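Look for chain A in each of the two complexes below; its partner is chain B in the first and chain C in the second.
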Partner chain A sequence: MHRYIIGRLLFAIVVVLAASVLVWLLTHWVGDPVKLLLPLDASRDQVEQLRSSLGLDQPLWVQFKAFAAKAVRGDFGDSLWQRRPAMTVAMERLPATIKLVGAAFLVAVILAIPLGVLASIKPGSALDRVTSILALQGVCIPDFWLGLLMMMLFSVKLGWLPTSGIGGFNYLILPALTLSLRPMGRMAQMVRSAMLDQLGEQYVTTARAKGVSELKVVLVHALKNAAISIVTIAGWELGRMLAGYTVVVEWLFTWPGIGMLVIQAIDNWDFPLLQASVILIGVTVSMVNLFVDLSYSFFDPRIRGED
Partner chain B sequence: MSWKKVLVLLLALVLVGTLAAACKKKEEPKAGPTPGQQEPKKEEPKKEEPKKEEPKVIDKPLVIGMGADPNSLDPHALNDGNERLITANIFEPLVRQLPTSFELKPLLATKWENVNDTTWRFWLRNDVKFHNGEPFNAESVAGTVKRALNPELNSGYLDLWEGISDAKVVEPFVVDIITKDRNPLVPMRMAWFPMMDPKYVQSVGKDVVEKAVGTGPYKLVKWDRGSGIELARNDAYWGPKPAIGKVTFKFQKEDATRLMALRNGEVHIARDMLPEFKDQMPGFKSISGVEFPVFRINAKHPILKDKRIRQALNYAVDKEALKDQLYSGFARVTQCQQGKVEFPGGNPNLKPYPLDVAKAKQLLADAGYKGQKIEMIGERGRWLKDGELIEAVGAMVKDIGVNVDVKILEFSKWLEVYFDLGNPTDLIFVSNSFDLGDQDRPFSGYIASTGRSSTYLDNIPDLDAKILELRSEMDIQKRNAGYAALWERACDDPPWIYLLNLDDIYGVDPNLNFDPRQDQKILVQEITWKK
Partner chain C sequence: MAVGTLVRPSRAKSALTGIRNFSADRVTLIFIVILATIFLSAIFATWIVPGDPFKGNLRDRLKPPAWSEKGDSKFMLGTDPQGRDILSRLIMGARVSLTVGFGVVAIAGLVGTIAGLVAGFFGGRVDQVIMRILDVQFALPGMLVALTIAGVLGPNMKNLMIALSVNGWMVFARVIRGMVLSIKNRPFVEAALAVGCSRWRIVFVHIFPHTLASLSTLAVIEVARIILAEASMSFLGLGIQPPGASWGLMLGEGRMYITTAWWLVTFPGLAIAITILSLNMLALRMRSYSDPLQRRAMKF
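Right, the complex of A and B next:
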């Protein structure tokens, strides 16, 4: 068991390191930040001065060495846009993202598991078809379009909820619902398929033959065994939400999280901030993955008994 | 099994119904004014009671929706337009531009004059205090100028302050602004120089980016990064007390979100609205801005050096169609100059090149053009409808028979091409903004052979000398006449394909008295509620 945990932990560290190197290289390859930061008719002196003050006149490997030496101490330099430590800026935005993703994930799980389970009980039935349509809608409807539509309906037309921004619980509803739909759809499909696999197993037939109630067969026996697949897809979706889906939803609803920060960092060509944000997202996603990996041992005793 | 079909059908109906309800307009939006014009003031229906006391001041909180976070609240750091919008209410410069012209009025300075070739003297108000209670005086101005010009700060405003080198205290309320050379634009440049309390700036150090203390009518209350900034009226303000006590600037990056928030009454002024939102906004105001999209022509190119070809390119473009179709009328066709005729030194006698395909073809034939390839470089997403504009102009130029190869690049790649003046491209799209309304910038920067972005002819003997002379000409009338004459030359022998001057569009709550300013600042002290 310990070996398993250490192995997963080391793997998470390698992923974060690789992400750091990749994001550093990409931000240095795609263009000259100095030209992007200065006005179009900036003088050559201004360009040179800014380039040297940012250390960009040094060879690439010297720049990387300096970056790496500081990065291991958690220092990613100052944000060019906000002129404050980049990691501080990124960390400030993380709680908002966690709040949004947490709420959306909760909605997705609460809807997806019952929907998937219900669909799996009678495959091919009307209920199954309705559930499949709902799940498919969730996967197919673009967040951007759905969000705008919900804003028009619930804010502009009905006046029930605010369009955007952060505040009380009512501000959380629209972005969380928008964000939850896609993971909900995919998770419901996965739950259905995992449950169908389990319900076709011999131990289920045995349980039924022994007279165990159908409710117990489904919820206790089959669902527990389907849990590994469900946890895997849930973890995967949680990672995707943190590292991608939030960008569009936060942008649309002006939710001041890390997804919006990434867009702003790109807009402002703020490469230290972009690096800090991407690395922070990388760390968060790796932690989610680690947690999912560790949770397998809870559902599957064979993993626990490895060593 | 038919009940299942009924169930599925019902579900589909519910879905379609929900979508239709969401898409349906709430109510017919009210029409706004004609683009480019101020909304005419509607007369309020007269009430029966003849006696009316002083108009009641309505103090309701105001919310302004803007597209992005400011980079910092240090008014001298990075020039990103968003910070300026907020800090213009916290900090004040010595002079201020009038709302719709380039004339100046006194603000923290009561008067100013040119003392000698390199000195402008400003007399300051003696009743002004910073928000922290410290008095404003000549020391504050000198300290502010020195701090802002310090190369370590690397200010993004240096181009607006060009030529200013120092400031010296003459008397407690008299200060000299020192320039490197003769600099007729110093008063206008000082309208872009917000004053800070130097001792306070030193004491807060790096925190100056979020602890704004100025002399302005509003004080910073709180800044929720990524979300909004709240300001409150400065009750100790030296000038007239603003009607609105509390104002919040909300950051809403997505244009459609700002529109929805405006329609929902969550924001009362929404900045940077798109022309196509015209019929969806409860009210809007627009003003012709300081943004000028053009194509820079490489006049050193073996084909394009012939002015007939460059004229033909100008005759090829249907500017009216671009204005109406692409910008829904929210633009003006420039009068054959990079700027407005209202700019000091603008030439009102020039007319835009009309669309004349026959003449353009004739000019190409006269110049001996034989279908050689011309490269046209553009980008997408940086300026309003830039990609569409580039594609449309490219198609129009093709129509007169020019073998043009249109390439739309990613912005950072576009920048590399734009700055590569050693190997300039044939035609490149750029949008210039002229905040100072100054004519020196287009000529010194883009036409003089020494210009930072010049790809113009460098064999016109008197041109550089004339540009240099006008740059430091202190006699404003002479200077303006000189520029008007230069524009005549630059129209006949064009360095650009002249296009449009875009409007700034604001979505506005109909209950608000608000008129947009040409300098794009939103000064809350100028805004009041109707009811």
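Right, the complex of A and C next:
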């Protein structure tokens, strides 16, 4: 059990480190920071001077060590765009993203699990068809397009909800719904197949033969055993929402979260801010993954026993 | 007599499955026809566009589709704020989507397949190194990495394809490796070794062909995924740049006009959805053809 936890923890650290190296290399080496800081007509001497004062003439390895030493303390330098510490700017945006992703995840889980379970009880039924269509929609329809269509219907035509921005609960509905659709479809499908696998197992037949009520067979016996697959897929979807889907949805609804900040940082050529926000998202996603990995031991006693 | 009674129901049954297969195939046929149309219009785009997709006349700006009251028969699906014909831009956009989709899958598929073949067949340290890189990259926020690459290199089609390729090879590597692991213990590999084939020859000439069926299905699914990714990145302004035509870019441009011009965002989104749906349906069908066990389990 301890070895499992330590292994997963080390892996999370490696992932964050890899993300940092990658982002640093991209912003520091591929995109030249000197070009950003100096005016276009700067002389060669000025360029060289700035280079050595920023330490850019040092070997790459030395430069990365200097970056990493500051980064572990959350110091990425000042944002060029906001003229404030980059990490502070990124941290300020995190709550809005967590609120949006959290709401979307909740909607997706609350709808997907019952739908998947009900579909697995009667394969081929109307409800099963609905689940399939929902899953297909999740794969084929761009979520930001659905968001635009919903915006046209609910905000422009009917005037029920605001089109964009952040505010009360009203502002959350459309973005959260848009963000939830893709993961919801896939999750419903996965719950269905995990439940179908379990319902075909012998212990289910045994339970039925003993006279356990069907409701109990499905909800207590099968669902509990399907839980590990369900948690895996739910965690995976949560990670993907944080690591990408939310960028497009935040951009569409001008939701001031960290995903939108990434695009703003790129648009403003603000590399310190880009580093800070991408690494912050990387850390958040790794923490979600770690949490999911650790929750396995709760659902599967076999992992607990291993050492 | 006994034979006859045995044969008859099974014949009726096979006729039934025949009909069922046919109706299932008809669905596939529809998707194939749609895909063929999209492909042909992408290939012949420059000849078949009804108007200029890149330059418009401001006098024709924001015309609704031809069938609505204020529509103009010259612009079947209407025009955008710069007076450009939407249909023409959609057709040029098909070219972009398919180029990016197939281009990225070709690059990522090649790298991923070679990595998977080598990792699976040679095993040992090579396998471990490749699999660890793969694990870490799977855990990275892929879309963000792609956005950063495209943003830093400067948004254009080439850099977009680089960004998406960097993120696309892992799926191929993982699937191919899994297949190689099960294939490499089969007797024909042992026989090839016995007659003195080199290891590289075994990997690429003997084992690789066995992965082709699954590889092509996976490639079709990946093309669909990449087309969606291209649309998302262009929508964010980090893909194809104006005045170029991309479905995602058109959605991004039309987003400001949703209160007045519904057609700007409706048609490009529809184009993306139909293309991706058709590709996925094709992949589903391809899988069921290569695997008879799935063919029975499938339902349309």
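Heads up, the rule we're going with is that the second predicted complex is superposed on the first by the 271 of 307 C-alpha atoms of A that agree within 3 Å, B and C clash if a C-alpha of one lies under 4 Å from a C-alpha of the other, contacts with A are read in each partner's own complex, and residues count from 1 in each chain.
In the analysis below, contacts are C-beta pairs under 8 Å (C-beta built on N, C-alpha and C of every residue); 3 or more make two chains touch, one makes a residue touch a chain.
Everything numeric here is computed off the predicted structure, so don't read it as measured data.
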{"item": "Chain touching more of chain A, residue-wise (chain B, chain C)", "value": "B"}
{"item": "Which of chain B and chain C A:Pro162 touches, first, second, both or neither", "value": "first"}
{"item": "First, second, both or neither for A:Val278, with chain B first and chain C second", "value": "second"}
{"item": "Chain B versus chain C as contact partner of A:Thr27, first or second or both or neither", "value": "second"}
{"item": "First (chain B), second (chain C), both or neither touched by A:Gly138", "value": "neither"}
{"item": "First, second, both or neither for A:Leu50, with chain B first and chain C second", "value": "first"}
{"item": "First, second, both or neither for A:Asp267, with chain B first and chain C second", "value": "both"}
{"item": "Chain B versus chain C as contact partner of A:Trp251, first or second or both or neither", "value": "both"}
{"item": "Touched partner set for A:Leu149, first chain B, second chain C, both or neither", "value": "both"}
{"item": "Partner chain(s) touched by A:Pro183 [first = chain B, second = chain C, both, neither]", "value": "neither"}
{"item": "Contacts on chain A seen with chain B and repeated with chain C across the two complexes", "value": "30-31, 148-149, 151-152, 156, 163, 251-252, 263, 267"}
{"item": "Residue numbers on chain B that touch chain A, as the complex places them", "value": "3-4, 7-8, 11, 15, 18-19, 21-24, 26, 68-69, 71-72, 74, 77-80, 151, 154, 156, 158-159, 206, 209, 224-228, 250-254, 256-257, 260-261, 263-264, 266, 410-413, 415-416, 418-419, 430, 432, 441, 445, 452-453"}
{"item": "Of chain A, residues touching chain C in the complex", "value": "11, 14-15, 18-19, 22-23, 26-27, 30-31, 124, 136, 139-142, 144-145, 148-149, 151-152, 156, 163, 242-245, 247-248, 251-252, 262-263, 266-267, 274, 278, 281-282, 285-286, 289"}
{"item": "Complex contacts: residues of chain A adjacent to chain B", "value": "30-32, 35-44, 46, 49-50, 53, 81-84, 89, 92-93, 96, 125-126, 129-130, 133, 137, 148-153, 155-157, 159, 162-166, 251-254, 256-257, 260-261, 263-264, 267-269"}
{"item": "Residue numbers on chain C that touch chain A, as the complex places them", "value": "135-137, 139-145, 147-149, 151-153, 224, 228, 231-232, 235-238, 248, 251, 254-255, 258-259, 262, 265-266, 268-269, 272-273, 276-277, 280, 299"}
